[in-house]
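The data blocks that follow each hold one structure.
The two complexes that follow have chain A in common; it is paired with chain B in the first and with chain C in the second.
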Partner chain A sequence: MLAYCIRRLLIAIPTILLLIVACFFLMHFAPGGPFTSERPLPPAVLANIEARYGLDQPLWKQLWDYLYNIVVHFDFGPSFKFKDRDVNDIIAQGFPISLTYGSLSFLVATAVGVSLGIAAAIRHNSWIDYFAVGLGIAAQALPNFIMGPILILTFTLWLGWLPGGGWNGGQWQYLIMPVIALATSYMGSIARITRSSMLEVLNSNFIRTARAKGLPTRTVIWRHALKPTLLPVVSYLGPVFVYVLTGSVFVDIYFSTGGLGQAYVGSALSRDYAVLLGVTILYGALTVIVNLLTDLAYAWFDPKIRY
Partner chain B sequence: MSLFSIKDLSVRFNTPDGVVEAVKGISFDINPGECLGIVGESGSGKSQTFMAAMGLLPPAGHASGSAMLNGKEILNLPVNKLNKIRGDDVGMIFQDPLTALTPHLRIGQQMREVLQVHEGLQGSAARGRCLDWLNRVRIPEAARRLDQYPHELSGGMRQRVMIAMSMLCNPKLLIADEPTTALDVTVQADILDLMVRLQKDEGTAIALITHDMGVVARMCDRIQVMRMGQFVEAGETRDIFRAPQHEYTRTLLDAMPRIDAGDAPKALEKDDEPLLKVDNVQVHFPIHVSGGLFGRKVPLKAVDGVSFDIRKGETLGVVGESGCGKSTLARAVLQLIEPSGGNVSWLGHPIVGLKRAELNKYRKDLQIVFQDPLASLDPRMTISASIAEPLKTYRPDLTERERKDMVAAMMERVGLNANMINRYPHELSGGQNQRVGIARAMINKPKLIICDEAVSALDVSIQAQIVELLRELQQEFGLSMIFISHDLSVVRAVSNRIMVLYLGRIVELGDGEVICSDPIHPYTKSLISAVPIPDPDVERSRQRLKLPGELPSPMDPKAALRFLPSRLSTGEHDYVPQLSEVKPDHFVAEHDPLETLMAGT
Partner chain C sequence: MNKYIRTSLAGLMTSTMITSAAFAAGTHPDTGEALADDQTFIYRLLDEHSSVDPQVVEDTYGAEIARDLFEGLMNQDEEGNLIPGVATGFTTNDTKDVYTFTLRDEAKWSNGEPVTAGDFVYAWKRAVDPALSSPYAWFMELMSIENASEIIAGDKPIDDLGVKAIDDKTLEVTLTAPLPYFAQMTTHSTTFPAPQKVIEEFGDAWTKPENIVSNGAYIWTEHLPQERSVRERNEMYWDNENTILDKVVALVINDENVALTRYLAGELDRTEVPAGQFPRLKQEHPDEAISFPRLCNYYYTFNVSDSGPEEFKDPKVRQALSLAVDRDIITQKVKAGGEPPAYTFVPEATAGFTVPAVEMASMDQAERDELAKELLAEAGYGPDNPLSFEMVYNTDEAHKKVAVALSQMWKQKLGVQVELANMEWKVFLEERGNQNFDLARGAWCGDYNEASTFLDLLQSDSGYNDGKYNNARVDELLAEAKTSDDPAPLYTEVERIIAQETPVIPIYHYAGVYMMDSDVGNWPVNNVEQNWYSRNLYKLAE
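So, the complex of A and B:
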């Protein structure tokens, strides 16, 4: 198992390097640059600025310097757009915010989704089932950029219960709406996957055996059916976890939370190479780690899996 | 007083197509300590009868009538009352031991919870009782099994665990629903022996649900023959086997092939040039095992040096237990998987390693019929389109009209109605689908057909029809067949010669009748003696040759020399037992004398 983890982490290094190289070239091949604007700068000024950021060097040299600084100094370089701020600062500021509301959303989506799915499967074809299926589909059909305005309209403008935006150090009033907006559609998917998985498990031979042994229904469900039910849910949760951890641009824009999502999209639009690459590497590393955690989690759910 | 009594039991299912009556008002009794066989083919309602009585029907099923256990009504009791009976007064075991145990709970946990629920027994007392029962069902190293997960045990061992688990609370009645159908013959024989002993020692009554007349002959005191939700015949086992009254019972008994019938086809004369020559074929699969930082690959020798030839118009039967490599061998012969070594030649032309286009020239003459008829047909193609497809490849000169006529003629030949041409596989029964598979294989008049467990998934009466059809086609077109099956009785009925495989190697090859009536290799002997014979007198007086130990894993390096321990003891672990021709055309692999094997381990 330890050997497996080390092996996986070793494989992650070339993966992330490949990711960096691919993104680096993709970005540089896209038309325009960080200092292109509608009103062109005087050529001398532009050349000065480009020299300051090393953009006048050949591409392979730029890539080499970039990788060298990361590996040796853990320095992702300065932002091209925001003077006096480098990528490490931007991530250090935005990521904790995204992490906070993202992991809360993840918990809410998982807890509510799984409970709803299980309740629906146990009471198959009853009103609970129909309610859960309906809610699941509705939630899935409401992406966060629809949920955002709806929530703000309801809780801020009509009811006046919650502040319409801002972060304020992550006070609970400021957290509620971003968390709900981000969690809803995942919750819907999780509920649907859990429900169909549980229905399948309840039809399987070992559940028939458990019933034939005279076990009470709650033992059959919690002891025998739950773990196999969650196996497909876990494989869905892995990517979701990465996605919500890194925040959402829509949430950041609607609720002015100042998370990493906004910085990411902003940097892509303004060709802020350093920020874009830095955040991409963060996503990549998180994906690798979460995938590893998901795979390790499988072994707990299914003893057949050995590493 | 009878122990278990069913009166006027009906089971209905609400389906989207309306109400289906699976069981139509049946009545029977089971007396204490007896073994009652409920015999019937798939869809006869034999399982549903007991599922209904125990409240285990799926939600769409409804039961009416009466089911009495010890004089108390149990039909349609609420779940909490039924839970007092299930697992306590009535134990149940099911067909597929591989899926019947909860995969993520240890054997011990699954057994202990029965004692906890029914007797409030916990801790070391519970553990002791579980251990006791695992020993009584003869599981080797019982204490270690308690901490193992189901997937770490073989199919036969899992079925023993199921039996031990259902016997924990000393039930009065054990319901066994096709308990040995998914198992190899030798394992089946062990499990049946075990159940006979439990019946005798514990006085447990057994309700044995099965389609296999051979199993019935060995086990049952009385039989109820069931068909389409009703009993057609009931009585003492001996009487029914000797003089079946009902037409259907007779059909069932006639359809069962017997390994001692003595009417197998004779071996054909050797040709100068065999149709197909298989020379030292090997198929190795790399298996990943953990160890070191990156693990390592170890070859699993699924087929390990098999040589034989097929004569024109001959049927070669291939038998062996699961994991012996018989299906892999079939695929390697057809180049559906590339052999890791060795040669296959067709009419003198080597066909190993040919390019796809060249190979296709030979494929016309080499066809295969697979085990699962429904899964091996494209669900989105009508059956006539499936049958016509090989024609499109090999006879592009045909017009649409001619092709249609040929398909129609072939469908008629294999016994499919002309009005079925536009049906899809899911609209047909298993037997009909297998006819489609045969028609598809036959449409180009091949010279060799490989039947890979082609009749194993079918009911006995259908199985007999398909075997008959294959025989007729063979006569008519003079084709050769490789007939692969785990069912020795069927193989014997169709094969001129039989080849017995054990872990990827031939142990015996010879005339079919000789192999079945006078086998030489200990493994063949134990296989033949484990095949149940559908005749209660013969079956119960037969001596079984039981080799020590379970069927070993192909990954076990010592397994290959199980019949040659003398070489193992001298350290020659890589020794390959040689085949020798003991009589003309009868090859037997080198082995130690039987007495030595029985004495060892």
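So, the complex of A and C:
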């Protein structure tokens, strides 16, 4: 198991390196640069700026310097757009915010989704089932960029209960709408996956055996059916965890949370190379780690899997 | 807290405020209006500002903040007129190429130290310093300060800049050529003073709230990037006793509709009105929906360079397309924010500019359409040989609406086939800058309140002339206007030539279209550059 983990982490290094190189070149080949503006800068001014940020160097040299600074100084470079902040600052400020409401959304989506799915499967074809399926489909059809404006209109303008945006150090009033907006559609998917998986498990032979030997329903469900039911759910949850952190750009835009999603998209649009690369590396590393954790979780859920 | 309780609490608080305001004599010293106890102004920013460093800042939002935090030699009043700032005034020599500014004794930095001429010398040298590589270094060239260009190019040391401190309170500036509007340019943030000791101590991080020292009416107290920033009264400011507003909060809200919702929920005092929503809001909130002219134009430019289409080399084609644009439909139905229709390149609101009587403006739309058809037929295009081209704009809902309306007008009236193409902003700039287009959207906001800030775009060697329009007479007139005492007739002639040759299709001039809480006092609607100073604003008691 430990050897497996080490092997996986070692594979992650060339993976992330490849990600950096691909992203670096794609970025530089996109038309326009960080200092392309509606008011083109005079050549002498532009030359000074490019010299300052090393953009006058050949691409391979820029890439080398970039990697060198990361490995040796853990410095992800300056932001071209925000003059008094560097990439480390931007990530240090935005990531905790994204992580906070992302994790909360993840917990809410998982807890509510799994409960709904299980309830629906146990009471198959009852009103509970129809209600849960209906809710799941409705939730799935409401991605965060639809939920955002609906929530703000309802809770801020009409009811006047919640502030329409901002972060304010993560006070609960400011968290509710971003978390609901982000969690809703994942919650719907999780509920549907859990339900169909549970139904399949409940019809399998070992459950019939468990029932036949006279175990109470509660024990059958919790002791025998739950773990295999969650296997497909867990494989879905891995990517979802990364999505709720990376896919938070709409939440950042609608709720002005100051999270990292906005910096990510903003840096791509303004060609703020170092910020874009820095956030890409962070998200890449996160994906690798979460995938590893998901794979390790498999082994716990399914004794047939061995590493 | 439910809405009912909130409302009654708000009512209670308001009545308390009125009472206490009356006791505290909280009335405006000049107008006598009752002032609110809470003097906080909260406004929306579309996007995070790039910097508040006066020499570095390049975006409007950052400049607005820098104008509150720092004060330059001269300021603008609510009408945009020049008034004293840190300088009490200035004198100039006979040839108008040396300016001498006298600084007021009472001007102080927020750490209590006096503002000296040396602070300006340091700041201006900093602006052109290749090591700082400010994107606004060119502003010092535009100001014609001696040796600015050479220093930026690295050919001379920064100490050769034509600015020196005669003593602590006297600043002398030497120009390469007389510039009639030089003093106006000292209201721009690039020319604000900078605290040398603080910058040397903290480097790029000197503008963080915990480090910054500034000399304006406000100090920078809080900054949560992409979320909010706060500036509060600077007790050290020389005119602090006449400053009414205590606190200014800027909230970053990317989505304009969310911003409007939050405004309507009472979270903001000011936000922009999304395109097309002004008539409804004006009806529902007549006191709050406001529109006033701004110093910006919106146009389409023909590519008349060698790489441009053959069709556009013929002025008749260009003129026909311009004539067939029904500007009233664009301004009244599509934008609907009170924008004035444009028949000239320079907005009417520009100081010292009289709109010339161009022929097109005096015709009605039916006459224009008729003439457009004739001109296009003369140029050899008709049903058998339809004109076709591509028009490009940067991806944006409002630009798309205008582009669709234009292409439909041309199709219906002239049978012209137009292909619409939208591009992401930086791609668009790159393509337009490299003349890879037929017809492209353009917009320009004046850097200063004078017609040349617009007309320079049509000068043949201007870096902003993306259509590569080239007319020797226009160049000559614009060069003459630079040093002329009365450039107005020269600008009028340039506009006449443009109307004849139509290198661009002016569509409309911008309006500032805002929702502004009716308790915000003294918003400078007549300052067309929208250079507003928080210390001139106040909040009225409701």
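Definition applied: the second predicted complex is superposed on the first by the 305 of 307 C-alpha atoms of A that agree within 3 Å, B and C clash if a C-alpha of one lies under 4 Å from a C-alpha of the other, contacts with A are read in each partner's own complex, and residues count from 1 in each chain.
Operating definition for what follows: a contact is a pair of C-beta atoms (placed from the backbone, for glycine too) under 8 Å apart; a residue touches a chain by one contact, two chains touch by 3 or more.
In this text, all values refer to a predicted model and were calculated from it rather than measured experimentally.
Visitor: Let's test your reading of the overlay: on chain A, do chain B and chain C clash or fit side by side?
Guide: Aligned on chain A, chain C fits beside chain B.
Visitor: Looking at the overlay, does A:His224 come into contact with chain B only (first), chain C only (second), both, or neither?
Guide: Only chain B is touched by A:His224; chain C is not.
Visitor: Is A:Asn48 contacted by the first partner chain B, the second partner chain C, both or neither?
Guide: Touch status of A:Asn48: second partner only.
Visitor: Would you sort A:Pro303 into first (chain B), second (chain C), both or neither based on which partner it touches?
Guide: In the superposed model, A:Pro303 contacts chain B only, not chain C.
Visitor: Of the two partner chains, chain B (first) and chain C (second), which one does A:Gly32 touch, if any: first, second, both, or neither?
Guide: second
Visitor: With the C-alpha centre of chain A at the apex, what angle separates the C-alpha centres of chain B and chain C, reported to the nearest 10°?
Guide: Approximately 150 degrees at the chain A centre.
Visitor: Does the superposition put A:Ala141 against chain B (first), chain C (second), both, or neither?
Guide: In the superposed model, A:Ala141 contacts neither chain B nor chain C.
Visitor: I'd like to know which partner A:Arg271 touches here: chain B for first, chain C for second, both or neither.
Guide: After superposing on A, A:Arg271 lies in contact with chain C but is clear of chain B.
Visitor: Per the overlay, which chain contacts more chain A residues, chain B or chain C?
Guide: C
Visitor: Identify the partner contact of A:Lys213: answer first if only chain B is touched, second if only chain C is, both if each is, neither if none is.
Guide: First partner only.
Visitor: For the overlay built on chain A, what is the smallest gap between any CA atom of chain B and any CA atom of chain C, in Å?
Guide: 44
Visitor: Considering only the contact definition stated at the top, list the common interface residues of chain A for chain B and chain C.
Guide: In chain A, no position sits in both the chain B and chain C interfaces.
Visitor: Which residues of chain A touch chain B in their complex?
Guide: 3-4, 6-7, 124-125, 203-206, 208-217, 219, 223-224, 227-228, 301-304, 306-307
Visitor: So in the complex, the part of chain A that touches chain C is made up of which residues?
Guide: 30-33, 35-42, 44-45, 48-49, 51-52, 78, 81-85, 90, 93-94, 148-149, 152-153, 156-157, 159-161, 163-167, 252-254, 256-259, 262-263, 266, 269-271
Visitor: Which positions of chain B touch chain A when the two form their complex?
Guide: 54, 56, 58-59, 79-80, 82-88, 91-92, 94, 96, 99-105, 113-114, 117-118, 149, 151, 162, 165-166, 290, 292-294
Visitor: Using the touch rule from the top, collect the residues of chain C that touch chain A in their complex.
Guide: Going by the criterion above, the answer is residues 1-3, 6, 47-48, 50-53, 56, 58, 130-131, 133-135, 137-138, 141, 149, 152-154, 204-208, 224-228, 251-255, 257-258, 261-262, 264-265, 267, 424-427, 429-431, 433, 443, 463-464.
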